[in-house]
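Given below, in the form of structure tokens, are the structures.
Two complexes are shown next, each including chain A; its partner changes from chain B in the first to chain C in the second.
Right after this comes the complex of A and B.
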């Protein structure tokens, strides 16, 4: 097996090398093989010795042994790219991965043969080990047949220059400008992006934007300037913009709508991600829309397909936002009794909706709105509730422990519910939940099911969003204290957007499927995945 | 397509007739480039690929035939001609091209020289879904002496009163002194919605407007509006706050009519937009009980530039100032490579020499602009002046603070201070001309002072 692979190796490699040297187009299989080779080598490069991985064309002493073996039997062992002949794992039905590396110099020298033999022995040893232990090393590169191992998303690896370069290359390919980070980042959060609102992405775009659809540019601007804020509003606006995109879309000749439209949406999503990191609800909406687009049967004409997609989007919003809000209000109103004092934090569209509905159903209660700097979103919540006629009290979060003895329930909104039961919400929510638990006040989180996401997080550091640090500057009586914070080298301003609340502090989650405890979130996710 | 650019180049330059009686305003040379090049360059830099240029037949002819007028732009120019004597205002011109307008428009005037970041204006237009978005700049005092004027003349132009809200972006009030009888009148409805208003008078309107397509359609229906700046903009600013009690706003009607013409999809989109605004916890103001934008559908925004160049070349003083500052806007070398400049002449760093010039020995050129194909003979001193194309300056002249228009001939030894010499005029040798406009074809018997 290995021999024939090795024998084929130089021949195939020869072809490829010849083709490349002659500048001819590589055939499809060759291209695929090349791609797989490159991917494999990159993975080897990343996890093993970072230095001496010479480029493919450079010859290096072939006596470099293969370091660690990929765990699964199916993944072939590949010598460092420098060695001319890679050796497939023994017994592995070579699914064409042990393609010859397109290195020059196909001549098999004695040293190379030795290396080949050694590699084969290592592969044998590895397969024996594998059958003994059958536990995959977590650092191993996932093979094509093991897709469960997930990678870290790029937006939490900003301090890794390789990742940043990769992102820059991807954006360049999609013709999206790269937004540069701003200001000094606090060291604990230096792995996240931090942008300035005064440097919008549009200053690097041409004005009648041709690469990106105008409604997407408008949406990106509205995100980055904070005109569209809140998980629900952002998803609805996103789907609205996608509707415009679909309406203005025409299938290019020789392309299928199902595949081409998805490819068209990718740069838009990168652009929106650059303007403001996507929320979990937006991510789920995008997944849904991509699935719907790929499921369009090929015999549909363009007009039919577009109408169908528009209907799907309307349906999605109707079910997951409008009707879900109605259902959640119905459940939540059961929990609100007359004489209640309800505490809310910030401005959650869902919680406001619930309270307005409850007031319309003639429940007698009063609301305490807790607010925090720098966003001060509670003022907007206060305005909406008072406009309805609900009697409200307004405090800042520093007064929380003074006001909690009066409170009978706490209603919180959520940005996303994570798979381990943690609630991701506006920064300050975990404080509220903690203090409420201390006072034995029940905490109810209201969240639609489309905001449930499969991520797992136990702290607010790993994945978060850093807002513009200049928002923390405030001008009182004509003086801005932090005006020159850039000049003070030891000073960093941190403006976090989200935090995670552990499930021990949350008593109940009210979703459109009913009232569930926080730990049932993975069950809901599993059921949803089964449905799909 | 997102925006279409429309360049208004049909104006007559009524405030500087001395310069424009022979050359149409869009083709006046500023820094040796025609005036119309500057807004076209601005649009090209920003990324526009085609521009609709509304101009007169004369200008169109000169652009296509005259080799001295090179536009050097890669964009596609769609020239639309209108009659010169039709006396069309800018709004009339926009109505004229209504059929070509398919999306929102960006209207620019041909006499705008600026290095503003256009994305600021357009971002306001996009983000707030505004009906009008415009550019203004803090006015700078003109420091150069204007030929033909004794001393600094007080600008007889009437002031503009511009009212903006606390953020400085939303346009609340705009009126010209000429339209106000006794004082500034501000309606109570505006004060109730925006209790804090900043009223500014020292602003220059750059005449750069982003208008929604529905405004162009509205213009087509209302033929009484003839000037964008004079009538349309104040109308839109007022309409932001007008109550729609008996009849809906005319512009709203056009909005609604358009929406009805599209299919049901638009109405669903409206619902979605409404849902977004409802769920989003953002408000543009605080302190009262109303929703974002006070529930108004019509919004006007302005971007006020603090720093940077922004000039409208519609008076002689502005023309001279623009000539001083224009070289900063492009990177070409000050002395054109094809100019023949002898080594023994003194050319200051802030002077521009045009193509195919001939500058002879012992000349001194300071803070001046020398046009294309101009001949300057020996021992000439040119200071603070603008020499246009094809001028011949004989030996020993001394030109200070003047504007010499194209194809003029300045005789030997003439001494010209703070004058404006019209096209193809001749100044006799040894004349001493001071502070005058010389554009009549009177030949002087000289050696005496000629002053205004």
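Right after this comes the complex of A and C.
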């Protein structure tokens, strides 16, 4: 409580300590600036506003806590008293030092002090509201007060050194090694990470790793080496690894399982993110698990809680992956008629499942598998389909316009469906959709609802993944053409993983909820949020 | 189970007594009467018999609207708490809901007309296809608002339904010209807007309507003329055709043809599918919708 006058010095220090304890995020200078502006506005306008907007500094629901009722009555008395007092140059970091109103006595209880501080916050907020109405171009209030501002994720801000430093500090705290970028990055994608497959993160870990659970280490290695690929496969592997983690977990004494387990999972997730950036489906799965863990009632014993969590995970996998695939096949088979020529791209587990189901239901069709370098995933799809007995043709993506006049339908898988209807999928998908649209061939995208995400993207640059550029080198007849690409200073190799397809090119999206047009993705997201 | 000739007879009488009524409305009236007379013992049995009745009616009149109307009727009346002990009380609740539904949809054409007539400006030249009672209602409302407009109607073979539309418009003192189906491209440079009705509105936001509508839509897109569709909400159906081939055969041909002819490749289809990319706006009693909003409304209606 900052009293004016002689008692200023030690009381100010207390204030600073208290401010730090309450975790104020504004820096000293910002707060000083704000206070100066408020003073200006207070002098101009009448500030007797009932501060109904009594919310905390953190953006929170605008419910007014009862405790602030008495202080708001004090607020108007505090403000005019403080107006004529200039801000002390050294400035207490929290609030202006109001003159003690006649009601205040020097010896105040802690509750009263807290109440008065809250009153001052209300006053600050009231004057800030005024500054919105006033025409002067005041400095924009810090973003914490505006709850709508979203921060960019760190993995798309690699060219910003401050963000990189923050990430490094966070990883250091969690005792996870930082993976360094490799090779020359094409300038348009310099905001993304580019790692080399030959330097996996796991080499920098000590053995045995005490911080990271061994199944997570194994998973990270499988991701970074490309042993586990594909959106569904990665999420299911992640959930199984988490099941193992939960099985081996014991609650430390004096801790609650609900909170401690979530904190334990955070370094694992950072580690996996370093090995390979998380996919949208993995993100949704992690959100679900964290929610389930924090909803464990505290009276559950440890064994009960662990079995419940494992059951939840099994249920999630069953509903969202296995049963969804069945439902999607049911709808998709209605769209496959006899004599169809179906084009597929790359290897999508869902599309392969649909085609095998349709073949089992004796639909007569043939498949054209389109493939592209450097991953050549189409070969895997080809193998699976031919094993079933489906007649297939195999082409590279450069032959697309040649083969399309024969095609009657295109089936594509998706990595994620964005909130504005764009489809994020393996690089090359948007090309196929574009050319198919020109030939008036219907394009059907098959995607489970757990891959829908709230993100909005209109181009493939903003958020993507850069794979190892050395993959683009190819050895033919003993010669590797690009093996010295590092020496050529102006040469950059770009190995993109994903691209986005606009909804105009997609005719139909088949989800486990039914067949919807691409523009109805936000409706599904809304329905799902309501269910939760 | 009611004997099906009684059902069909009631349906036909409804259609005869009020020729202005949509066939789907007549079907729903019939279903309501069926519900009243039904002597089933269980709710499940009731639903089954209602479904069977809808199928019977689709056999008489194979339009999309009858099947969609029937399904929506069934959903609407069962979308309420049926936790009563007594079956007769449940039936009463369902009957009340049925009456409510019928009332709502009988007002739908007026609502559509109120929304749409403002898009017809004074001195407009309108092109329409075949005979649609909803479009007629819209034009009536516009004429009542003292707007002056001229109408071009396509003849719409094979049943030359366009001539009926022209007669009705002449009675309203609206200058009308009947054009050949093949003359749509020729006449489009003169018109300002195109308004058509719909037999069914599908999930993608496209429509199913009398054959020739797709052609008209493609031409108006090429000429950059707005293409408006007027339809009541009970015509929304859970179909998602990808192209013309994908529309099920039971909607494409008349009911008699389906029964008598075995090889349909020689028959002329009576309807075609217009994809949503060619439609500017849809006027329904749920409001003025863009084609992509239709899926939203369908999800609300059906889920």
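The rule we apply is simple: the second predicted complex is superposed on the first by the 385 of 532 C-alpha atoms of A that agree within 3 Å, B and C clash if a C-alpha of one lies under 4 Å from a C-alpha of the other, contacts with A are read in each partner's own complex, and residues count from 1 in each chain.
We take it that a contact is a pair of C-beta atoms (placed from the backbone, for glycine too) under 8 Å apart; a residue touches a chain by one contact, two chains touch by 3 or more.
Keep in mind the model is a prediction, meaning the values are calculated, not measured.
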Touched partner set for A:383, first chain B, second chain C, both or neither: first
Determine, under the contact definition given at the top, whether A:356 touches first (chain B), second (chain C), both, or neither. neither
Regarding the shared-chain residue A:199, is it in contact with chain B (first), chain C (second), both, or neither? neither
Using the touch criterion from the header, give the chain among chain B and chain C with more contacted residues in chain A. B
Where on chain A is chain B touching in the complex? 200, 202-203, 205-210, 214, 217-218, 221-222, 225-230, 232-234, 236-237, 239-240, 243-244, 247, 310, 314, 317, 321-322, 346-347, 349, 377, 379-381, 383, 386-387
So, in the complex, the side of chain A touching chain C is made of residues 335, 337, 409, 442, 444, 504, 507-508, 514-517, 519-520, 523, 527
Chain C to chain A touching residues, read off their complex: 203-205, 238, 240, 242-243, 245-246, 276-277, 292, 295-296, 299, 303
Taking the touch rule as given, give the residues of chain B at its contact with chain A in the complex, in rising order. 1-5, 46-49, 106, 117-119, 122-123, 126-129, 265, 268-269, 272-273, 275-283, 286, 289
